[in-house]
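What follows is chain A paired twice: with chain B in the first complex and chain C in the second.
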Partner chain A sequence: MAGGAASGGKAQTDTYKEARTLLLLPSWLVLGFFVLIPVFMMLIYSFLTKEFRGGVIWEFSLAAYDQFFFDRGLFGDDAPSIEWTYINIFWRSIWQAGAATIFALLIGFPTAYFIATRPPNSRQMWVFLVTIPYWVNLLIRTVSMKFLLRDQGPLNDFLMGIGIVDSPIHIINTDFAVQLGLFYSYLPFMVLPIYAAVERYNFSLSEAAADLYASKWQTLRRVLLPAVKPGVIAGCILVFVPSLGSFLAPDLLGGAKNFMIGSLIEEQFKGNAGNWPFGAAASMILLSLVLIVLMLSARQQNKGEGV
Partner chain B sequence: MAQAGEDIKNYPGFMPITLFCLVVLYAPLLVVMIYSFNESKSITVWQGLSFKWYVDVFVGPESAKFKEAAINSFSIAIVAALAATAIATSAATGMLRGGSFRGRGFSFGLINLPLIVPEIVTAVATLIFFSAIDFERGYLTILVAHIAFCIPFAYMPIAARMQGIEDTYEQAAMDLYANKTQAFRLVLFPLMLPGIVSGFILAFIISLDDFIITNFVKGAGIETLPTAIFGAVKQGIKPNIMAISTMLLAVSIVMVTISYFVGKSGDKLKQPPGEK
Partner chain C sequence: MAIVEDRNIIAVDVQNAVKRYGSFTALKTISLSIKDNEFFTLLGPSGCGKTTLLRIIGGFEELSEGAISLFGDEIAKLPPNKRPINTVFQNYALFPHMTIEENVMFGVEMRGGSKAEARQRASEMLDLVQLTQFASRKPSQLSGGQQQRVALARALAPEPKVLLLDEPLSALDLKLRQAMRYELKEIQRKAGITFIFVTHDQEEALTMSDRIAVMSSGELQQLGTAREIYESPHNTFVADFIGETNLLEVSVDALSGGSATCHLGGGHELICDEVKGVGVGAKVHLSIRPERLTLSDTPMEGASLSGVVRDNIYIGTDIQTIVDLNEGPQMVIRTSNSDRGNKRIFEPRSPVFVNMEKGAARLLAD
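This part shows the complex of A and B:
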């Protein structure tokens, strides 16, 4: 079957086969009308002409994509050259999300591994502890991070108190602050899939490696890591993808200079400089980027299963 | 070498990293909780324990604004979570008890669409949709958007629960002359209940917490708690905002804890007698 695990497990039984359409209809209607159709309308809007002060004029135009990729000078009649402003914003977002993913992996992998090797009855407790913060309002968590990282904030007080630094270190409104915020926002997403993979891992493989005189770190790198790779990839995707389009962390922790895709899009719909087709085009480009990442990772995962 | 077998699992440094991970996850929240009890009006100096900012939230100059935002937030979260849970329960029954059919993969994709599409993209798309059909933005647009994106969160625990229930239960009911509706109502539904409760709670929290989509579709003149907090934080973090945040944080943690224990009690029921 083409679907397999990707389509939510197999249909177990057909007890309610006759009522199937009726049972699924509400979800089709609500998600079709309020998510799927809106995404298609967004695609259409990205090819329309902008109305000043928000909204669109129903006239086909490539202006939004043109503005994104090409620079035609101040009056629009110069020979087109590549416009780097928006490409750089996307590039910066990819970089920031990537850095946050690496931080999350460095902390998340050992944590997931440690939890998965606890006695079975205490594992659930650890997993619960790691997941709680995810269910706390993302806005509040980001505000907390801002509060903590301020120049006169508790972190600097602490660092100066124990004498690591003499004067406050400036973290807020830097790229690093945004990376920390993203790392903090999505860290539980890294831990959970890796935990699930390590829990299924057969430790007699490690024992076999040790019997053949592999050191512990060789065992980790050559035996364990390849076996849990699908979990690691899933974790990286779950941190990277939401980080890429995030709005709160760059807005609250990065200040005005550290623009990311989310802020660029938001500005098109909120500010007075509103340009809806351009915002729709930027959203489409972000969505395509995310779909490409998801497709590549799905292919990678399938390849892993084939071996 | 049993000792080596145990030892091979443990890597030096992994436990400190795990503890560090927990500190990182909880420290910012604890700091805000502690400072919400600060006597001082300044957020930088600690001047002793006080509940005055909690009082301020309820009777202070901004209390009317917070009250209205809280009513909006909670009423939307309750209605959206109820609707999303009903839709997800129905969809899970169709997906897992409806046999195989064409378009099953599509159906599953559609249910999970809000998880795949970045939140800001969903926000833009929803705003464009309401604007294109000329629907005035306000309470109703927030509610509808929340119902839609809460569906996958309600669906996950419900479907997971349903997958663990073998069809022998409803078969037995029907062998004893229950019709299909009765088999669902009296047998399948009670067995699914822990999943349904978890689904409702997750959907409720997700709705209560949402900022980005709400911010796009809310229109002027209506606020939920997150949008009100965001607006206030733009002017700087004030102690009363920390008090509100702490209360909201407590609501989330209590709800998740309930969901966790409901799920746990459900696990016990699920295990058929005689196994293990």
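This part shows the complex of A and C:
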């Protein structure tokens, strides 16, 4: 794309640049107003002092970050040691989001492949079918999931009905339930970019691989996957990032002990019990994590296309 | 060489192959035997089923009916990766994320060769197609002709027994295409394997092939050497499709001693060799190549048909003269420019005689 503009000669390039600046202006304004300014506010809040009934006192303080990383005892006067509570919550969030992403990839990739290999006129319909559940509000979907997975819910009734298990299996309030919830919340974000990539894939490459003695598995691993990698990476990011900060699924499906970052942050801003600077600090730490993930994947992508 | 070559080993044997797509029949009972070491060409107009037949041999398409064997072994049920056959695809289908070298190594590795072996083989093949200096580039950084040669090197690297080529030269410009014809032929000779080459370009087919199968609408029309097909076409389709020809409607007046006397209308008569299946009274076609005809202003011995020059068309190597036979059909005569010194060019509207060497006219059964 850049090549096309660059090859157009200098005068033309300048014209393009001007047009681009103008055309991008609305997006920049919206982005600035609704993303950059709030993020900047969060950054400032995270360095302020907390007010007890919620809100902040405009006084610089590192207390929020200190609370996140260090344990100074009940009265704050012990020698500081590492505070594991929040790091563990973060760690568990990463693990939960990662597991959900892997589930979404394992189910989403074959789904996307299936849709992309249907006759062109029926693909639209398949894509539509995939997105149908997502016309329903996320909260309602998650609550229904809770109902579905209950010990006395339809899933367990069914499993006992066909005699696979004698007593209900406990799914609700486990890590797995949260992963399932996250997976289900964000599955289309995995399917759609992979579908777009596979649809653009030139299937004669698979024929060429088979012609050159590659098995189905080797063709997948050495030819198809590298070709659709950008779509796979995009899908993984689109599932992983919102899963990481999600609070609905962990709250509703994970129970009290399966706290995730999203819930932690949410708590800080809810009602009077909250701690705004601490919530802001946790958000900033989460944001840094996400940015690192994005940067790593961007580097990976560049390396793949590198010449 | 001391090795005695058996010219009659059959590499690919297709028996009564039928291919249907729903209610449409793309191949209608095709049988052909392709010999080992042969440069075999499938020639025919667009949509006649060349690619379909090639894909069946490669294993990308299943036969609806019939059998196919490779050096005597039935292969109809083998998937492509189990057939010792490689393909140069029409669109090359080079792996875009791999370098040229990795592309060429791929087949050798997949066939069980070590990395070192594959690298060795790739360097030999890139040498053969003269692309060694591009080994570390990506396919998108090569020209069309270079990509085509990579596709060839990649297909040759795993040492297939049969190489399939689907219009590999069609994307190239004329000059490169002509150069590649000789290169391909040379590579086939050096590698000593069977090439099955698909084209709709009759000149390409004539210059490169040991044998040619002419196809049209899913049927085999004629199978033979370039010379047989050009000089003794079996039917109207082949005569018309290969090269240029005067296709005249005639009726057969008499048969005697292997010769047939044919009537062209307007009192013009021609004598040509008898052909099986054409009896007295038959209304059939006759094919005469324009370059086998000569012009003169007085009648010559043998067949000599009177007419009037309508036009001369200059086409580089030749001059094409269009003659209206008196009360008869139109004919095209080609006069080579190389020996024009000996020949007269007749101006339009001058009366001439069209002369034919014996055996130049060929009766067509259908």
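By definition in this document, the second predicted complex is superposed on the first by the 269 of 307 C-alpha atoms of A that agree within 3 Å, B and C clash if a C-alpha of one lies under 4 Å from a C-alpha of the other, contacts with A are read in each partner's own complex, and residues count from 1 in each chain.
Simple rule for what comes next: a residue touches a chain if its C-beta (ideal position, glycine included) is under 8 Å from a C-beta of that chain, and two chains touch if they have at least 3 such contacts.
The structure presented is a predicted model; accordingly, all values stated were derived computationally and were not measured.
J.: Applying the document's definition of touch, where does A:V223 land relative to chain B and chain C: first, second, both, or neither?
T.: Touch partner of A:V223: chain C, not chain B.
J.: Thinking of the overlay built on chain A, is A:A210 touched by chain B (first), by chain C (second), by both, or by neither?
T.: Both partners, chain B and chain C.
J.: Touch check for A:N302: first (chain B), second (chain C), both, or neither?
T.: In the superposition, A:N302 contacts neither chain B nor chain C.
J.: Which holds for A:S283: it touches chain B only (first), chain C only (second), both, or neither?
T.: So A:S283 only meets chain B here.
J.: More residues of chain A are touched by which partner: chain B or chain C?
T.: So, of the two partners, B touches more residues of chain A.
J.: Could you look at A:L23 and tell me whether it touches chain B, chain C, both or neither (first, second, both, neither)?
T.: In the superposition, A:L23 contacts chain B only.
J.: Check the residue A:N202 against both partner chains and state whether it touches chain B (first), chain C (second), both, or neither.
T.: second
J.: Just which bits of chain A does chain B share with chain C as contact spots?
T.: Residues common to the chain A contacts of chain C and of chain B are 207, 210, listed in rising order.
J.: Please give the residue numbers of chain B that touch chain A in the complex, ascending.
T.: 4-5, 8-11, 13-15, 17-18, 20-22, 24-29, 31-32, 35, 43-44, 86-88, 90-91, 93-101, 104-105, 107-111, 113-114, 116-122, 124-129, 131-132, 144-145, 147-149, 151, 159, 163, 166-167, 170-171, 180, 183-184, 202, 205, 208-209, 211-212, 216, 226, 229-230, 233, 237, 241-242, 245, 248-249, 252-253, 255-257, 260, 264
J.: In their shared complex, at which residues does chain A touch chain B?
T.: Within the complex, chain A touches chain B at residues 2-3, 6-17, 19-24, 26-28, 30-32, 34-39, 41-42, 45, 55, 107-108, 110-111, 113-115, 117, 124, 128-133, 135-141, 143-148, 150, 152-154, 184, 187-188, 191, 203, 206-207, 210, 216, 219-220, 241-242, 244-248, 252, 261-262, 265-266, 269, 276, 279-280, 283, 286-287, 290-291, 294.
J.: So in the complex, which bits of chain A are touching chain C?
T.: 202, 204-205, 207-215, 218, 222-223, 226-227, 304, 307
J.: Chain A touches which residues of chain C in the complex?
T.: Touching chain A: residues 58-60, 79-82, 85-87, 89, 91, 93-97, 106-107, 110-111, 138, 141, 154-155, 158 of chain C.
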